[in-house]
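What follows is chain A paired twice: with chain B in the first complex and chain C in the second.
Let's look at the complex of A and B:
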């Protein structure tokens, strides 16, 4: 080794200290804040009062539901779409690198810019999307102002931006599937579809898990930007997610204790979701 | 004959699919730049004009009549500063994790990555309160420090990958030949890792540049560009031309960089899973 082993801890120390200071301790403090009634006037300890209130708060429950709806629907749609695109791109053709570049772009454009752009594309009268729909004779819906469709519109924006992530990971996974396994299956008379489901998918298990987990995490934590640029949680509370609701609770209503408890609930919801997801995937592995 | 037809058929279907994919992902980006260069009259014409007389008036409005240029400096400082700091801190950590045999080393690396699970809102609330108390609220430094924390996991993870690509034997051979530790570091490790380091830096910069949530909470008058875009649609009647010009300016450096470091961006965005 290049540098004496005794320095190995020293090398790690700056990062460990920094992360503890800037991420771990604040989160613990948030947990502490969630146990107090923290407003403008100061704070007093109230135990689990905030949590009891949350459970009865209809809007919070709605935002909890919306959050899971967003994550599950978005990740599923992006997985299917991403897989389809990956299968198409898994062949050799001219301009492959240009295609790789063009699917890279949505991921590096700022989410606020993406949200902004789709906000106008979604506009019922001035926007391009409804215009294209009108060319087929149908009338396009009011994407961002209809409660039943608003969340779907947000999911579509997220899908535009992050399907490439899925595609790239799945593409890498597809390239690990050895040809000879496919060939012997073909000799045995398996159809394309059978080969895909029973050979390709199981071999790709690990990378599928990675893709689903990371995409889900980002859907929980990074969708604030797009929602705030398109619907801000409306109409009604149809696109209110826990991050947007907690943000409003903290910075519009200045109820920090309440917002802290909402954040902690989100944190545990994320943990639970990821643990269940991993368990589900392992279960599939065992049963197949 | 049938087989030939089938082959041509699938090939054309393939190319058709590819073209659809390209159009789908590129179109909104084209639209941003198109609108940025259109006159107000052309902007909302339906059917949309693909061939039009470009104008720079939107850019002039944005640059001269708004705070855009001053705020761009905020974004640059916060992004560049946090990128520099996070790489400075992460490089030793990555080297340690990549090279040294350690008990529970994988756990440590995993823990750093799992920080991605922490919702930003859970961190933002205490920071808002604390920054206000110690006077870091609405400062570029304050924002920069927090951005660094969120860049570190990514930077560490990527740098570990890049360091592992340098064969240990190179370093050990140099040591055997009589080089000091420092010389090995400067003459062997650093040059070899320079591209990887550059790629990591670009990715961290992009993440910070695009960041909205923490900037929204922790800045007021010293806002960054993403917050500026947001405030544009809140307090003014929306002027789409200048707004898209702002978006175009904001996105251009990133798009240009992506042409040169495409492979590394893909690698970084997929957390090292996709190498090329």
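Let's look at the complex of A and C:
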């Protein structure tokens, strides 16, 4: 340990270089870009003009709302589903290993591929989903072109791909729940639901908070691929989220300064969200 | 718990064991520490090795099957006879020569014509250029017919080309332009964006290269063989920013077989908007899986706005007035939005609000839609027996006339030279080569829509393409109705077009009614123009 103490800087250097190059410098540069009018012709400093403009923009506010709607709904659904699957996987049964590994498969596929595949699946005339629904006699809805359903379709795709992530984390958390406490509660006559709510959940609080935070952070940004591949922002602007809108502002409208300011606003929104999430759960995180 | 600890813990999902490492096991209930049984460990390792081997073998098998399939597929492509039967083929078989690139011109003839040019093709020998192309029929034809290899051989210039989808192409070239790194010497560009590029000064003016006798044999290249209108569409702020690649835009397609089936004259397409609606209604039979009409619905300045713009102009609408005030809330524009969306809602396939051109083309090849107004280059696919079920069933005509006029939205992709490129002369040689007469005739074979008037008019193409005369007649007539104001080229167009596209899509999806959408679009577009300083 003494050697490590003496060579602190040397050991930290690679990480520091990486962080600086790929995290700190781009963030500072984005800040700078957001304060300037940056187009194809170059940039000039304009102060907070970009921020004033985007706050007045109805579409931007709409996409901010959509982003949070997407994240909150998706993470909640994934949490519930992930918990259920983790509880099932916690027991032993025949073929458990196979089930365990095959559930992890969706996570490995690139989000772009998932988005494209689901675009075809969701198609009302060519797609598999509506075909299967029609076999039961009902007519499937137009998934990607009905404004109210489009966002739900995107949430569904995200759930399909990332529930395994929650499952993994929650399953790991379940391992720490000791058997004997459950046994004594059973002896005292508690139902399994009561046992779950009063024993399992409190013990898992840390892991749950971790899982929720990680997944939300992920969801804010990773959903770009899925939305871009399926609806491009939606019928109207119903699936427009800040990442897709910022991408469009940058690469279609060629207004990089504005796009940077949108990203910075998202950055602060996410920070607020995470802080409030932590306060809500009130735990001592990452002290282990 | 640290990460290492949790690894050991979850290594074995056996819930009786609280902790297991390589040497000891701690049991959950009793807390007994037990040394790991060597025999158990050996069995465990054996089991794991077996599983691992099986997995590796499976993956190898999968990969080799995939590779074998790919190899077989490419072999099949090479050995496949030319798609169109041509009597000309027999003339071309020369002993000992490799397979001809095209049915309409031999490799020897191409080389001979290239040699006729009074320039030294080898003058830029040894350089390497990076070319960004869009993945579509022109460029596929160039690649498949070996034209790109021929270029390398002819000029000694190493050609690195990449085929992108439209959005990625734009993304990559935008970053290149903004950072002025000159990665892509040549890029295929959409004229809508070229005005921004020209204004920002990131693309090169092509006229000096065209007029340089060292680089260009003007007489041989014959720049007048390209319609002036298309060259004008590539001229912004006084510079010729790009060279037109092909003559495209729109055309009316109708399926003659279905027309006959549903009691319409198969040789007569809809001539005006009322007929369009009427014919679509008669051919709309969703119970048989046949839909009357499909038009682009997916939002985008090059997507639904492109298709709708001709309707808008045909109804008498316009984008802006003389002072750049947006005119999208005028009654004519609202009427055109109403017509377009009603047509799709009533007689279109389900989900059409999400359709872009490739979906329309696929549906045409499948025989599920009857009428459409879209790019002429679809004929490449729908008349190809290997790709389409509806070969020989298509009728071609000019855009239907609207109440005020008959309009076609012209379009072409343009070849632009990056101003930050260090190999501009070599790039110009590339442009000259692929837009030259022999190469255009060669690729004109399969795709017909080339940039040169002479290549399109070449009667040799008719062999093996019985649909060609009708197509050519339609496109020639339609070219008269080309309206450059249908899709104006100014720097803010991408944003303006995208806003309109989103509103149009919401009308097609039934989210808004046309008047509201038009007003919303108008307000936002006004905002954009104001921010850009048009009203100062």
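Here, the second predicted complex is superposed on the first by the 277 of 288 C-alpha atoms of A that agree within 3 Å, B and C clash if a C-alpha of one lies under 4 Å from a C-alpha of the other, contacts with A are read in each partner's own complex, and residues count from 1 in each chain.
Convention: a residue touches a chain if its C-beta (ideal position, glycine included) is under 8 Å from a C-beta of that chain, and two chains touch if they have at least 3 such contacts.
Keep in mind it's a predicted model, so treat the numbers as computed, not measured.
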item: Which of chain B and chain C A:124 touches, first, second, both or neither; value: second
item: Dominant contact partner of chain A by residue count, chain C or chain B; value: B
item: Which of chain B and chain C A:236 touches, first, second, both or neither; value: second
item: Partner chain(s) touched by A:165 [first = chain B, second = chain C, both, neither]; value: first
item: Which superposed partner A:53 touches (first chain B, second chain C, both, neither); value: second
item: Which superposed partner A:256 touches (first chain B, second chain C, both, neither); value: both
item: Partner chain(s) touched by A:8 [first = chain B, second = chain C, both, neither]; value: first
item: Set intersection of chain A contacts, chain C complex versus chain B complex; value: 172, 251, 256
item: Chain A-touching residues of chain B, taken from the complex the two chains share; value: 14-15, 17-18, 21-22, 24-26, 28-29, 31-32, 44, 46-48, 89-90, 92-93, 95-97, 99-100, 102, 108, 112, 115-123, 125-129, 145-146, 148-150, 152-153, 156, 168, 171-172, 175, 181, 184-185, 189, 206, 209-210, 212-213, 217, 226, 229-230, 233, 240, 243-244, 247, 250-251, 254-255, 258-259, 262, 265-266, 269-271, 273-275
item: Chain B contact footprint on chain A (complex, rising order); value: 1-5, 7-12, 14-16, 18-19, 21-23, 26-27, 29-30, 33, 85, 88-89, 91, 93, 95, 97-114, 116-121, 126, 128, 131, 160, 164-165, 168-169, 171-172, 207, 210, 214, 217, 220-221, 224-225, 228-229, 242-243, 246-247, 250-251, 256, 259-260, 262-264, 266-267, 270-271, 274
item: Of chain C, residues touching chain A in the complex; value: 1-2, 6, 9-10, 13, 15, 28-29, 167, 170-171, 174, 177-178, 193, 196-197, 199-202, 297-301, 349-354, 368, 491, 494-495, 498, 502-503, 505-506, 509, 511-512, 524, 531
item: Contact set on chain A toward chain C in their complex; value: 39-41, 53, 59, 92, 123-125, 142, 144-147, 172, 175, 179-180, 231-233, 235-238, 248, 251-256, 288
